[in-house]
Amino acid sequence: DGDGNGDGKKIPLTIAYQNIPNGDLVVKNSGWLEKALPGYEIEWKLFDSGGSVNEAFAGGSIDIGLAGSSPVSRGLSAPIAYKVPWIHDVIGSAEALAVQDGITSITDLVGKKVAVPFASTAHYSLLAALETAGVDPTTVDIIDAEPDAIAAAWSQGSIDAAYVWNPVLAQLVSEGATILTDSADVAASGKTTYDLAVVSTKFATDHPEAVQEWVAQQSRAVELYRSDPDTWAKAVGAELSLDPVEVLDQAAGLIFLTAEEQAGPEYLGGGLGTNLVATASFNLEAKSIDAVLDKDAYLSAVYPDAVDAVAKG
Amino acid sequence: MSTDLIWRRRIGDLALRLGAVAVFFGLWWFVTDRGVWSEIVVPKPSSVWERFIQSVTVHDDVRGLSGYFLWEHLWASAWRLIRGVGWAIVIGIPLGLLLATSRPVRVVLEPVISFIRSLPPLAYFSLLIIWFGIEDASKVWLLFLAALAPIALSVISGVEGVRTDWVEAARSLGASRLQVVGHTLLPAILPELFTGLRLSIGFAFSTIVAAETVDGIPGIGGLAWSTKKFLQTDVAIMCVLVIGVCAVGIDLLIRTLERRLVPWKGRV
Amino acid sequence: MSAPGLAGLTPSAPTASRLVLTGVEQRFRAKDGSTTHALGPLDLDVVDGSFLAVVGPSGCGKSTLLRLVAGFAQPTAGSVEVGGRVVDGPSPDRGVVFQQPNLYPWLSVAENVAFGLKMRHVPRAERRAIVAEHLELVGLADVASRRPYELSGGMQQRVQLARVLANRPSVVLMDEPFAALDAITRERLQDELLRIWRTHRTTVVFITHSVDEAVYLGTRVLVMSPRPGTIVADEPVTFSTSDQAGDAVRDDPAFIEQRRRISAHLRPARNQNPQNPQKESA
Amino acid sequence: MSTDLIWRRRIGDLALRLGAVAVFFGLWWFVTDRGVWSEIVVPKPSSVWERFIQSVTVHDDVRGLSGYFLWEHLWASAWRLIRGVGWAIVIGIPLGLLLATSRPVRVVLEPVISFIRSLPPLAYFSLLIIWFGIEDASKVWLLFLAALAPIALSVISGVEGVRTDWVEAARSLGASRLQVVGHTLLPAILPELFTGLRLSIGFAFSTIVAAETVDGIPGIGGLAWSTKKFLQTDVAIMCVLVIGVCAVGIDLLIRTLERRLVPWKGRV
Amino acid sequence: MSAPGLAGLTPSAPTASRLVLTGVEQRFRAKDGSTTHALGPLDLDVVDGSFLAVVGPSGCGKSTLLRLVAGFAQPTAGSVEVGGRVVDGPSPDRGVVFQQPNLYPWLSVAENVAFGLKMRHVPRAERRAIVAEHLELVGLADVASRRPYELSGGMQQRVQLARVLANRPSVVLMDEPFAALDAITRERLQDELLRIWRTHRTTVVFITHSVDEAVYLGTRVLVMSPRPGTIVADEPVTFSTSDQAGDAVRDDPAFIEQRRRISAHLRPARNQNPQNPQKESA
C-alpha cells in the first residue's frame, strides 16, 4: 500500500545514490518514487563511491543505497546488515583496462604502472583479469587514483595503463589508449561485477512493501530505457549535467535488467549470491579483507522477494 | 592624508588588481587556445563561462546545475561555512584565552588541539558522519574543526605576546582576572586575532569540498566534487573560481575591518 | 576648584596603608644562569599617610622595589606588607604610575582614565565627572577623545597619572612620573599632587631623580646605594607638611640645605658604583 | 626559578598529559566495548593495536601493511612534508616580507594568496598532476600550497605590527632597506613566525591524506585512504593516531624552540 | 682615556651638517577627521657644529620637530635641509636618541650598541673596541651581555645613547636623553657628551626639559611655545664653548642669569597654554 502508518507522520526513507548513468537517476529525476510512496519522506543523498555508502550504512544513516558488488561483498564481510534487492546494472564494457601503445597483452603489464580507483569494482576486475592471465599482481605497480586523477595522469604521461569507467575511459581512448580487456570479458571468465542496490535489513523487514514499490520504479526505468531511450537519457542527463547523447554512449557499456530478468536463476534467483561469495574469497586472497564469513552470510544477503513480487505483479 | 589622495590610491589599487586579473585570464586563454594541456584538465575560459551561464539559468528544462541554481549551491555552502566558522570563533576565542591563562588547562589541551588540527578530514569524516549524521551537522563540524585551530592558536600566541605592564596596570587599577581577560587581553590581541580569523576562514573554504563529498548537493563544493568525477572540469573550475572569488572578497572585507578596528597596529 | 577626586569616590582602604618591608631582597636569574642581585637586603617601615621619596642612581633597584610593593613580583627573600597584610599580588588599593607610558591604545584618553573606575563599577555619570576633573588636573581636557599614540611622551605620562589618581588608591606608587615633563608643568603637577596628598593623606612612594623634587614633596627621603640597592640615607622632611608651597619653599635656606645634604649622600654612593671602577680615579 | 622547581613542574606536566591520554583510551575502550557504534566506524583499541603490531612485523609472509612497514609509510610521508613545508618556509618568509614592505606587490599578490589558500585541494589536485606528474612532485606542491599561506600571512601581520621606532632606529643607524628587513623586521616578527609555522605544519599534516589519495603508497596518508575505502577502519584509525602523535611531537618541539629563540616574548 | 669613538671611525659626513628649516609646519589628521596643528610655522638656520638645545612645554612639538629633521616624517608644509640636501628619509648621518627606549630585545646590550657599526660593515675587531669604549662611556660595561629587558629604564636609555654615539653621526638628534637618569649619572654624561662634541664638533639638536641642562650644553637655546610649537626665544650661549665645566660653570653668575632669563621665556608661554584655560586665573 505504501501509505505509511496512517497517523499522518511520514516514514523517513533515505537513499544513497551515485552519479552512474543508470535507472536510479531516472527514478530520482522523474520523482516517481515520491509519487509511488506518498507516506514516505524520501531523501536522496549523493555519494561518491561504494566505500562511503558502506560507511554511511555502518553509521545507520541510510536505508537504500547503491554500491558496486566489490564494496558490497566487503560490506557483507564486515558485516553490515544489508541485503541486495536489485541489480542496477551489470558492468560490461563500461569499465575497461586502457593501456598505452606498446602494451599488447596483460602479461606486458609486469613492471608497469597501472592506476585504478582502489576498492572499486574496477579494482576487482583488474585483479581478476591479472589472475586470469596468470600475472602475479605484486609484479605490477598498481596505484590508487580517483578517475579524474587518472585522466590527468594519463595526459601527463605518468601511467602506463588504467582500469577505469566512463567518462574517463572514453577520454583515455580519445587520447590514444587501446582497450586491452573490459569487464564484459572479465565477466565471461566468471568474475562479473555489478552496480547493486542494498537495503538495510531493518528497513527491508519493517517496510517490505516500500522496497517492493522501490523495485517496481527501478524496473519501470529499465523498461523506459528500452522503449524510449531518449526520454531516459534526458532524465539522466539532467542529473549529470550531461548531453543525452553522451549519456546513451556511456550507458551502452552497462547492461540493465528488468525485474523479471533479475528474478531468474542467473541473478537474484541464485547466481548473484554465488558471485558475492566468490567476490568475497577473491577479496580475501587479494588481502583487501581479513576474513570471509560463512557462505550463507552472502547467499542470504540476496533479497529476491521484491523482484519476485514485481515480476509477478 | 587628504581624502583626494586616498581616493586616488584606491583607484590605483583597483586598476592594478584588475590588470592582474586580466593577465590571468589572458594567460589562461592563451594556454588553452594553444592546447598545451588536455581540455579535460584545463578547460577553456569560454566553456567555463558557458557553464556559469547555465548555472544561473534554466536550460533544456533543467534548473541551473545538478538541479540547483548557482546561488543555491553557494548559499548552501555559505551557510555551512558561516556556522562552522561562527562556532569556531565562539568557541575558539574563549578556549584560546583559557589555554593562555591557565597552565594546567594548557598542558593538557594544547597537545589535544595540535592533535586534532593535524588530523586529515578525509580520514575522520566518517566518524563525524556516524556521530552527527549525514546531514549538515557533520559538515558543519568538519568546518568547525578546520577553523578552530587558527583562531585558538592565534589567541594563545597573542596573549603570550601581550605587554606585561598592560596586564599589571589593569590589575592594579582594580580589574579582576576576568576583567583583565575581557578588557585588556582581548583588545590587546586583536591584531593576532584578525590574522587567525583570516587563516581560519581560508582554511574552512579549502575544506568545503572535503566536507561536501558526501551529500553535498546543493553545495558549491559538492558540485565541484561530483562533476569533477564526471570529467566536467569546466564546472569544477567554475566552482573553484567562485569559491576563490568569494574567499578573496571576504578576506578584503576582514582586512578593511581590521584596519578600522585596530588603528594602533604598529604604532605602540 | 574643589580637590579632585572628591566627587563621590572614597579611598578603597581608608586607613591601614602602612608599609613594612622586612629583609627584602630581589635577585634576577638571567638565561645564561648568572644571577643579578638587584635589591636589598632592605628593611623599611613607612607609616600611614607618609610621602616617601626615593632617590638613587640609575639601575639601583628603585623600580624593582616599587614592583615588589605593587605586588607585580615576589621578593626572592623577605616580605612586603601593606596595611598589615602580606602583598601577594596587585590590588586597586595600590595605584601604580609606571616609568614607561603604558596606556591602552584601543581606548581614548578619557576611556583610559576611566578604566579603573569602570572596572570597579563606578556609575557612568560619576565616572565621567571624575575623568573630566582629572584630565583637567593634568591639563589634557582638550585631548580627551584622542588615542594615546597621538600624544607626546609627556602627555602620555600625564594621562597615566590621571588614570591612577582617578582611581583614588590608598597607596600611590609612582616611578619617575614627572621625568618627561617641562619645569612648569612639572611644578604645577607637583603642587596638585601635594594638594591631593594633603587632602587624602594617602601613602605615596615616589621615585624621582630630582633631589629638589624629593625634598619638596616628601615627608621622608630615602637615598639608595648603587645595585644592589640598599638604604644609604633616610631623612625626614617637613616642607610638604608645612602650609607653604612653590618658591616660598624652594627659596627657604632650610630647603636648600637639606637638598644639598641629600645630594651629598648620593655623591659618595656614586663613587662606590661598582659598574664604573675606572671612573673612581677621574 | 630553581632548576628543582622546573623539573618538578615538568614531571607534573607529563603526569597530567599521560592522565589525559589514559582517559582518552579508557573512554574509547568503554564505548567500543559497549558496542555504541559499529566496529566499522569506531574499531576497538585492541584491533588498532593488532594492526599496529602487524604494521611493524612480517606476518603471513606480508611485510607490514600494503607491502611496507609502518616506518616506511611514515618516512615517505615525512619526506613529502619536509619538502612541502621546507619550500613553504623558504618561499613564504621572503614572500611575506616582500608583500609587507612593497605596496604595489601587496595590492596584487595578497588577493592572489588569499585566492590560492582558499582553494580546495581536492578540486585542483588534478591540475597539479597534469603539471607535475603523479609522483611525489605533485604531492609536495600540494603540501607546499597548504603550508605557504600561514607562513606568508603571519609574516605580513607580524611586519605590520612591528614598532615603527625599531625600524626608524635601524634606518637612522645606517641600515639599508634590505638590512632593515634582515636585521630588524625578521627578528621582530619571530613570535608571529613561530605561530605561522605551527599552523603551517598542522595544515600540511591535515592535507597529507588529500595529497596521498593518488599513488600514495607508501605513505601514511595513502595507507589511511586506501584502507578506509576497504573498510579496514582499524588501519585508518591507526594511521590517524600516528599522524596525530607525530604532529603533537613536532608541535611541542617547535614550542620549545620558540621559547629558546624568543625569550623576550611579552617582555617588551 | 682617549675620546670615545676615535678608534678608527671617521664621521660619515665630516662637514656640511648645517640645518635649515623653512616654513616648516606639521599637522596630524586624526581618525575622526579632525586635524591637530602640532608644529610651526618654523624657520631655523643652524650652522655646522652648533649645539642646539630645545626647551618647551610638554606636547609643544619638540619630538615632532626632531622626527622631521631625522627624516622619519615629511612636513605638511615647508622644507627641512641638512647639509644643503632636502631631508627625505632617515640617514646614518643623523643619529637619533629616541624619547622612549627602543632597543632590540633579540640582541644583547653590546650587540645593540654594535648594530649601526655592523650595518655599516665596520670590521669585527674595530666594532668590538668601539662598543666596549661606548659601554664604558655610559657606565654599562658590566651588563654588555645582558638583554635590554633585563635593564632598568635609565640603563636602557644609556644603551640607546651609546648605540647612537658609537655610530659617530655628523648630526646627533637627542630627545630628552637624560630624563630618566639620576643627577650624578646625568652630569657625568653631560660632560662626556660635551667632550665628544668639542672633539668632533658634530651638530647636535638636544631636547630637554631642564633649562639648566640646555644652558650648560647648548651654543644656542631655542624656547618653543605651546602647541602649535613656534619659536618664542632663541638665545646664543657660550658656556659649552668655554673651556670650563661642572660647578665652575653652574656657579657662574652669568650662567645663573641666563638660566633665569630662559626660564622666564618659558613662564609666560606657559600661561598662554590653550590647553588649560582654567589655569590662567590660578
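Per-chain numbering from 1; labels A, B, C, D and E assigned in written order.
The rule is short, and it goes like this: a contact is a pair of C-beta atoms (placed from the backbone, for glycine too) under 8 Å apart; a residue touches a chain by one contact, two chains touch by 3 or more.
Since this is a predicted model, take the numbers as computed values, not measurements.
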Chain-touch separation of chain A and chain C, in steps, is 2
Outermost chain relative to chain C, judged by CA means, is A
Per the C-alpha centroid definition, the whole-Å distance linking chain B and chain E comes out as 49
Multi-partner residues in chain A (2 or more other chains touched) are 55, 58-60, 146, 148, 151-152, 155
Chain E residues touching 2+ other chains are 31, 100, 147
In chain B, the residues touching two or more other chains are 37-38, 41, 126, 129-130, 163, 213, 225, 228, 233, 263, 267-268
Each pair of chains that touches is included here, namely A-B, A-D, B-C, B-D, C-E, D-E
In their shared complex, chain B is touched by residues of chain A numbered 14, 19, 45-48, 52, 55-56, 58-62, 146-148, 151-152, 155, 167-168, 171, 175, 234, 238-242
Within their complex, chain A touches chain D through residues 49, 51, 54-55, 58-60, 74-75, 78, 80, 115, 118-119, 138, 143-146, 148-149, 151-153, 155-156, 158-159, 287-290
Chain C partner, complex, touching residues on chain E are 1, 28, 30-32, 36, 55-59, 62-63, 99-101, 136, 139-143, 145-147, 150-155, 158, 175-176, 179-186, 188, 209-211, 263, 266-267, 270, 273-276, 278-279
Listed in rising order, chain E residues that touch chain D in their complex are 12, 70-72, 89-92, 94-96, 98, 100, 102, 104-107, 115-116, 118-120, 147-149, 163-164, 167, 169
In the complex, chain B touches chain D at residues 13, 16-17, 19-20, 37-38, 41-42, 104, 107-108, 111-112, 114-124, 126-127, 129-131, 146, 149-150, 153-154, 157, 160-164, 191-192, 194-195, 198-199, 201-203, 205-210, 213, 221, 224-225, 228, 233, 236, 239-240, 243-248, 251-252, 265-268
